[in-house]
């Protein structure tokens, strides 16, 4: 069978169906929400098998005859004991293992994630090697002032009283302002990416779907 | 003005996007210095030297890298500079770029092998570049169509990296630029320019500032600016025109909201007095 | 500079010092040393938010974000269990929406535990701790569906959020819910600020459980965190000093930078 | 007998299918026995202790592998070779929880259908979509089709394509693209100069937004590119705001979050987080 036209129509109807939520949550959007959640659940089930268990568990256990993989489902199924009053502690046992792994992962990721950010903050405060004063002040000084004041905003255990405390209070207020500038910049920086998602969908509707039948649209919206 | 119902905002946005796609009203484009730098670098290539366009991209970033490559090829043909396409990763890039060059070449009656060529996909990053610097024909061997590059007319007199006048890297992959700058631009002082996806471009501004990079295209915006310079509006111009209108709409909404707020506050203060 | 595959002595020493400071101040606090915590508005609002749902007689929603069992989501569950206790006392219904099937049992377990410790184990309804979807946008649509159909009066969003954040909170706002959100990653905070009533920013997220419960272990940890941050600031200042003093054509030789950049 | 036992534990691979079946049976029996014994022998304190131990070992393994000095090339220590198999094992173990997620969904939607609650047909659509995706996904997988595909594909593959490319992918893309509308209306509402903070946020957003589109560059194109004032050209100013005002603030947040996560990890690892994660009754 050739599913192309069915794919086109299904895609267009699904897209328009989701867009009805812009008016408000309504029976049509609700239907597509349920279909979407259902498809994701089915997709999760089948990819859990095809992309995970089949290759990582069933294959080694059955085809390579590594018998110790028999322990994996036993450990995994311990999670299901949360529904038993008496055996719930076994579920906690395996959860504990995963908690430990989550903690260990944080430990081992700490430097790979953050040490580049630390040493890239080592900005010289005086002009050198090709930098002039304007560069240093516009870039490095501002960078370091923002870094330190924003960090000072996140000190929780020092009261903003006394000489040091008041200084910290002022610095953290400044830090909060810099935070707001940064948030504004992040907001503005995201707008284009989001609009292009919508342009992509409109192009699908006008060019691929309507344009499939009316070539005027295909030429116009092609881009 | 302070409380425009959200449905109107949604309709306005959808309306602007559909309108600008179907019946565009082009807003002016004024190319940034980074884009202009790349354009000038292409025009400044001395007679007899080749331009290398390294197209290290594939379908995943083609919304930006396709129009970028297209605009760069336009610029080369218009300036009557001969160029070669090559790539190091992923292999698909060289095929897509070949299609673009064939298509664009028709407008300029360009002939393969004389005005441009395709060196094909050469795996090996640093090793390829280091070997190429010494002996191009030997390193490249066969072209995209499997013929020895030595037979191509445009390769006559092209021996080493000294015969290359400019390298243009078009990519969505971080890390390729470092090879070009470290192994070719730095040691042999071959001019270098690049086109990046908008996401990765900010990381490469330092090279532009230091002059190691002659110019840079930033995402679809850079491509649109280049299309304006070569007077051949295409995909990127369409998209960026819609983007410009949508951004102006959002800015107008913010301004209107604030005007409404200021007026309302003024009225409240009057009443208080 | 290759990938950091293993630590060098400097990283190990730095890590042990920071961890040591944190653990030491936890132990000090457990011995009964009083610790101060400044006011954090977003967290102070949680009680008000629960109260609002109680007054309106409508349920609340708690979204744990996208990740599975991870430190970020474990912190979200710590906040959740505080909210459950408040909800249990005021007999207000709370619906939890998770996006990970491995997190589901953990969330279920901590909610049940919180109801039990609040003395109302019978109030816990297992079907109110839900798995929605592991796919980002069907999770978003499904959770918006819960907000709309259950007419939640208050939405809490704590955990790891990405593009779906704005989708959830914008719809929640339109549906008239009071919203409190927090996420350690800064990229979604601007959208929370635009659409939520109270926002917990960055590090405040990890200060939450200490602030809410005033448990000595947690307040002690918070003080330790501040000390570790001071240590980090010291390190950065030292690095800046070195970078500044090694000016000139002689290539910058900053030993701190090398220690941080080159692992083993 | 002794040899057989030895080979069972030394051999990570059973020699033939029969031996495999026996090994699997024994492994299952042994693990059930072990769990039963643990359940009978351990009191509440012992259980709590065991959970804390398992947590500690899990964290220690992944942490120590990174911090323990490594020698040789490629640099490894005594734990390095175990990281990959153990991570694999944990992924497999975690994958078995998928049933809990599906159970939770089926419980909610099954009740809607059974009790014919309002909107029950939506829940029915949920079940149909889930089952169809699962069945045709697996079916398509076991057809083992090779690229390039012919224009006419086997019908199960066709159905799968309609489900995936016709519904799943467009639903994803359409939902994602709703954000264009939400970001516009959020910008309209949030950026009011009520306070200095909101004003700063608005100004930064303005500059960055205009800097990203060609029309922004056009607005300030009167400023000569070579002059000292070129800093104020919108495309440059926007880039400066992102690189030099936004980056340090984000980085400062990241540092705080890093320390916060470290503290949380330490509390979880050492089971210090009392009263949060079911440590009260075991």
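Each chain carries a letter (A, B, C and D) given by its place in the written order, and its residues are counted from 1.
The definition used in the following text is that a contact is a pair of C-beta atoms (placed from the backbone, for glycine too) under 8 Å apart; a residue touches a chain by one contact, two chains touch by 3 or more.
Model, not experiment: these values are computed from the prediction.
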- Task: For the pairs A-B and A-D, output the one whose chains share more C-beta pairs in contact.
- Result: A-D
- Message: If I average the Cα coordinates per chain and compare with the overall Cα mean, which chain comes out closest?
- Response: A
- Query: Taking mean CA positions as centres, which chain lies farthest from chain C?
  - Reply: B
- Here the gap between chain A and chain B, centre to centre from mean Cα coordinates and rounded to Å, is 28
- Message: Counting only Cα atoms for the centres, state how far chain A is from chain D in Å.
- Response: 8
- Could you state the distance in Å from the CA-based centre of chain B to that of chain C? 40
- Query: Centre to centre, by mean C-alpha position, how many angstrom separate chain C and chain D?
  - Reply: 16
- In chain C, the residues touching two or more other chains are 7, 11, 15, 69, 71, 74, 101-102, 105-106, 109, 132, 134-135, 137-138, 141, 149, 174, 186, 190-191, 193-194, 201-203, 207, 222, 225, 229, 232
- Query: Which residue numbers or ranges of chain A touch two or more of the other chains?
  - Reply: 18, 21-22, 30, 32-34, 36-37, 39-41, 43-44, 79-80, 92, 98-99, 101-103, 105-107, 110-111, 118, 121, 144, 147-148, 151, 154, 179, 182-184, 186-187, 190-192, 195, 198
- Message: Where in chain D do residues touch two or more of the other chains?
- Response: 66-67, 94, 97-102, 105, 119, 171-172, 175-176, 178-181, 183, 185, 187, 189, 191, 201-202, 206, 209, 212-213, 242, 249-250, 253-256, 261-262, 264-266, 268, 277-278
- What pattern do the touching chains form: line, ring, star, complete or other? other
- Note on the structure: Full set of chain pairs in contact is A-B, A-C, A-D, B-D, C-D
- Which part of chain A faces chain B closely enough to touch in the complex? 22-23, 130, 191-192, 195-196, 198-199, 202-203, 206, 217, 220-223
- Please give the residue numbers of chain C that touch chain A in the complex, ascending. 3-4, 7, 11, 15, 35-38, 40, 69-71, 74, 101-102, 105-106, 108-109, 126, 132-135, 137-139, 141-142, 144-145, 148-149, 171, 174-175, 186-187, 189-191, 193-194, 201-204, 207, 211, 219, 222-223, 225-226, 229, 232-233, 235-236, 239-240, 242-244, 246-249, 252, 254, 256-257, 260-261, 263
- chain C-facing residues of chain A, complex: 18, 21, 24-25, 29-30, 32-34, 36-37, 39-41, 43-44, 79-80, 82-83, 88, 91-92, 95, 98-99, 101-103, 105-107, 110-112, 115-116, 118-119, 121-129, 144, 147-148, 151, 154-160, 179, 182-184, 186-187, 190
- chain D-touching residues of chain C, taken from the complex the two chains share: 5-7, 11-12, 15, 18-19, 22-23, 26, 68-69, 71-72, 74-75, 77-78, 81, 100-102, 104-106, 109-110, 113, 116-117, 127, 129-132, 134-138, 140-141, 149, 163, 166-167, 170, 184-186, 190-191, 193-195, 201-203, 205-207, 209, 213, 215, 217-218, 221-222, 224-225, 228-229, 232, 264
- In the complex with chain A, residue positions of chain B that touch it: 7, 10, 13-14, 17-18, 21-23, 63, 198, 210, 220, 235, 238-239, 242-243, 246-247, 250
